[in-house]
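Below is one structure, written out as structure tokens, with a few remarks after it.
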Amino acid sequence: MTGKNIHVTVWNEFLHEKKDPYVTKIYPEGIHEAIAEYLNKKPGIETRTATLEKPEHGLTDDVLNDTDVLIWWGHMAHDRVRDDVVEKVYHRITCGGMGLIVLHSAHHSKIFKRLMGTSCNLRWREDGQRERLWVVSPWHPIAEGVGDYFEIEQTEMYGEFFDIPKPDEIVFISWFKGGEVFRSGCCFHRGQGKIFYFRPGHETYPIYHNRTVLRVIENAVRWVAPVRRPETPTILRAIHAKPLEDLK
Amino acid sequence: MTGKNIHVTVWNEFLHEKKDPYVTKIYPEGIHEAIAEYLNKKPGIETRTATLEKPEHGLTDDVLNDTDVLIWWGHMAHDRVRDDVVEKVYHRITCGGMGLIVLHSAHHSKIFKRLMGTSCNLRWREDGQRERLWVVSPWHPIAEGVGDYFEIEQTEMYGEFFDIPKPDEIVFISWFKGGEVFRSGCCFHRGQGKIFYFRPGHETYPIYHNRTVLRVIENAVRWVAPVRRPETPTILRAIHAKPLEDLK
Amino acid sequence: MTGKNIHVTVWNEFLHEKKDPYVTKIYPEGIHEAIAEYLNKKPGIETRTATLEKPEHGLTDDVLNDTDVLIWWGHMAHDRVRDDVVEKVYHRITCGGMGLIVLHSAHHSKIFKRLMGTSCNLRWREDGQRERLWVVSPWHPIAEGVGDYFEIEQTEMYGEFFDIPKPDEIVFISWFKGGEVFRSGCCFHRGQGKIFYFRPGHETYPIYHNRTVLRVIENAVRWVAPVRRPETPTILRAIHAKPLEDLK
Amino acid sequence: MTGKNIHVTVWNEFLHEKKDPYVTKIYPEGIHEAIAEYLNKKPGIETRTATLEKPEHGLTDDVLNDTDVLIWWGHMAHDRVRDDVVEKVYHRITCGGMGLIVLHSAHHSKIFKRLMGTSCNLRWREDGQRERLWVVSPWHPIAEGVGDYFEIEQTEMYGEFFDIPKPDEIVFISWFKGGEVFRSGCCFHRGQGKIFYFRPGHETYPIYHNRTVLRVIENAVRWVAPVRRPETPTILRAIHAKPLEDLK
């Protein structure tokens, strides 16, 4: 980590909230500010935000180098995210150990697909029905404070098959009233970095005002935060190695 | 599978064998022909070959659509492989279920890096020392016929950290005289497809004449071969799903 | 394998079918015979059966040594299975590589709990509602021939948290109308042996007459079948090893 | 956790140190005190010790209920550990979430074999040769502060095949001069509990005075520490569940 506190940057494409009055009402300052406001009150966490329409999408070298955990929300404008910014984020995760939390429709973001190597496609349906998220890894820090399951009254459905590599850990599996299941809380590791995909969060429902959803995001921030290690150059580049005898 | 037999295409960049007399001596017809010749004698396997300098690198739609398992060897010319061919191979694996066996220096091939989402960097040293490959998944079909370990007298060293996602299974872990270890037999799954990375195979040693190495490749051919399933369109594209009630 | 064919033994405690007329009607010869009859018609599979009330529960040394795959169904009489028979089965799996398929209520069998090291507890409810099993490992041989999902019209519900070690692969996740999810098709490996837990199969519903359920069991038989390897004594006992130099 | 600090109990059979003058010289107060002394100086950790020859092996209900992390070292007297104490420890881990760190020869302890469900056999050789532990999960908190690898000058060799279930994470893979490899840092989860097996630590070498070894143990203490969750009774017992409709 860069300091005693975990430095979080909440990134949001921030378009729905400005265009759709219904969404504006739920998130007047945007999804990013709703999440940042919650996290800022928690001990050991400092939060800033960044959005698509800022220069370099708000993700300058200075910001990225001072970010321990990046939270990503996007939906309608994945293609407008610059490829060079995606590559910088990618290297900060895999080489620098920055954590990444990918929310809901960001399953189709460039950075998540780049890290997964898969299409990240899934089934979906906007029907405002109930979702139940069951804990299947009760030992996992991301499930801290959560009971056997928690519910979201109204949500957009995401169903299997979710085209991702096998997650290193599955924390939650969702049940949807309409007949589907989904691996809703998935942990991945790439190089030095940790990644958590968390399904809840459609913009037309007040899901980021749900205390359990916010608690899970807070838990995930602490879990994906970087591990401090001496220089590990093998992650940065191929290495021509000397044998044991020469090293002594 | 497309028929009763497993249709294997062995792909090789086929450059070292034509340029370096030392390599020519070991593989007069090329690495691809050495592997294909062995596999062709095995029951239920039919083999063809393809190389970099053929049109479309020998991987036309007709060839790919008739291929159950693609074996890939490349080293000095990864960049010369056309991006559009890589994308076709990628989709044939993830959507069509074609198996992929990635050999030795093909850890840096475009197709492997595309599937992994990582740099696939590693340590290496050309010192012609001994390697021991230990079986750590004794139940795995790829280890069939192999004892507690097998050895390669002279090889190029590959050492950790190998920058790949966590393998879904590790079949072999290598020991090198110079002080390194390596996850030398790694299984991955992406969409419908199965992938096996197998470390042995430097062009300056007769490694693809080693009977255990060839046996492992044969085992891997049978393991990565496609699973026949009805159309599974969620792998091909995002799906707008109807709820249970509407489906009845 | 002990021969060209896979030798399957279907074990059933065979009590419900003799005591409860309703169950007798569904399985007049017992659950074991329903499964064995289906499997016997399939190429490369030879089947015998064994039941609780036979001497040694029908699992003598001769039977076990000639069994490649053991299928286990039990429900009300787990405690009546002799510990010494369980230990013989355990060693035949872990040392001899015999495959094990654990069906439905056999989650509480002695052999499954011995292999898992956990309580194997779960939620349950007998309500005869609908179950949908979604394929989440589309590349897996056990999913061969199965579409995106399949359904069982009436079943007993099993829900999370299912107290098992993290499965090495999850093939199916179930959705239940009443609000639960379940990891319904789970692969494990222990020593030389492969294990598949498959959830469907309550005795009061004709689930082992369902063609997809039977197809999955057939796929699982082929997948858990043993891998032939030279003697691998480290699985049998601790080994005092000589260093590389002494071995040469 | 039971309080703000992590409460660690270091358990040692404490026999070698009293019988063998050579071992006494290395660990005058016993291995447990060497580890406890180091951990006690670290922020947020409080340590006590317990040994075989105390009543209930020092693991009374009061001690266990106040223990967040149990560290276990045993070698020659595994059989003398009472089965009822093992069962209490087992339930405190799986139901209560107490973390367990299993050191070196404790691979054959009753508690580890109970949790694994396997023989935990391995190869070994007492030759005092060099070991190199390579980090293969660079993102893992247990690798914090460790470089690409670290070395132990003189050690007892442990080699594959190590008869354990597939670890949920492999943090370290060891290289031994004599020709072996070993999965030396393995993470497992059972119920609510986290388990870390760490290979280094033979009693005839001063391995628990090595700063990197101690640092890894400290990291592991923080990683296996319990996650606080509301009552999750499904881990304690089978549950007869009510359907969604009845719950509303």
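So that you can tell them apart, the chains are marked A, B, C and D in the order they are listed, and the count of residues begins at 1 in each.
As a working rule, contacts are C-beta pairs under 8 Å (C-beta built on N, C-alpha and C of every residue); 3 or more make two chains touch, one makes a residue touch a chain.
As the structure is a computational prediction, the values presented were derived from the model and not from experiment.
J.: Look at both sides of the chain B and chain C contact and report whether the same residue positions are involved, with over half shared, or different ones.
T.: Interface between chain B and chain C is built from largely the same residues.
J.: Looking only at C-beta pairs in contact, point me to the busier pair out of B-D and A-D.
T.: A-D
J.: Farthest from chain C in C-alpha centre terms, which chain would that be?
T.: Comparing chain centres, A lies farthest from chain C.
J.: Could you please state the distance in Å, as a whole number, between where the Cα atoms of chain A are centred and where those of chain D are centred?
T.: Spacing between the chain centres: roughly 32 Å.
J.: Averaging only over C-alpha atoms, locate the centres of chain B and chain D and give their separation in whole Å.
T.: Centres of chain B and chain D (C-alpha means) sit 38 Å apart.
J.: Scan chain C for residues touching two or more other chains and write them down.
T.: 132, 135, 137-138, 148, 159-161, 166, 168-169, 179-180, 189-191, 232, 234-235, 244
J.: Provide the residue numbers of chain A that touch chain D in the complex, in ascending order.
T.: Its residues touching chain D are 97, 132, 135, 137-141, 143-148, 168-169, 189-194, 227-235, 244.
J.: Sort out for me which residues of chain A touch chain C in the complex.
T.: Residues of chain A touching chain C: 132, 134-138, 148-149, 159-162, 166, 169-170, 173-176, 179-181, 183.
J.: Can you name the residues of chain B that touch chain A in the complex?
T.: Going by the criterion above, the answer is residues 94, 108, 114-119, 121-125, 127, 129, 157, 159-161, 163, 165-166, 168, 177-180, 188-191, 232, 234-245, 247.
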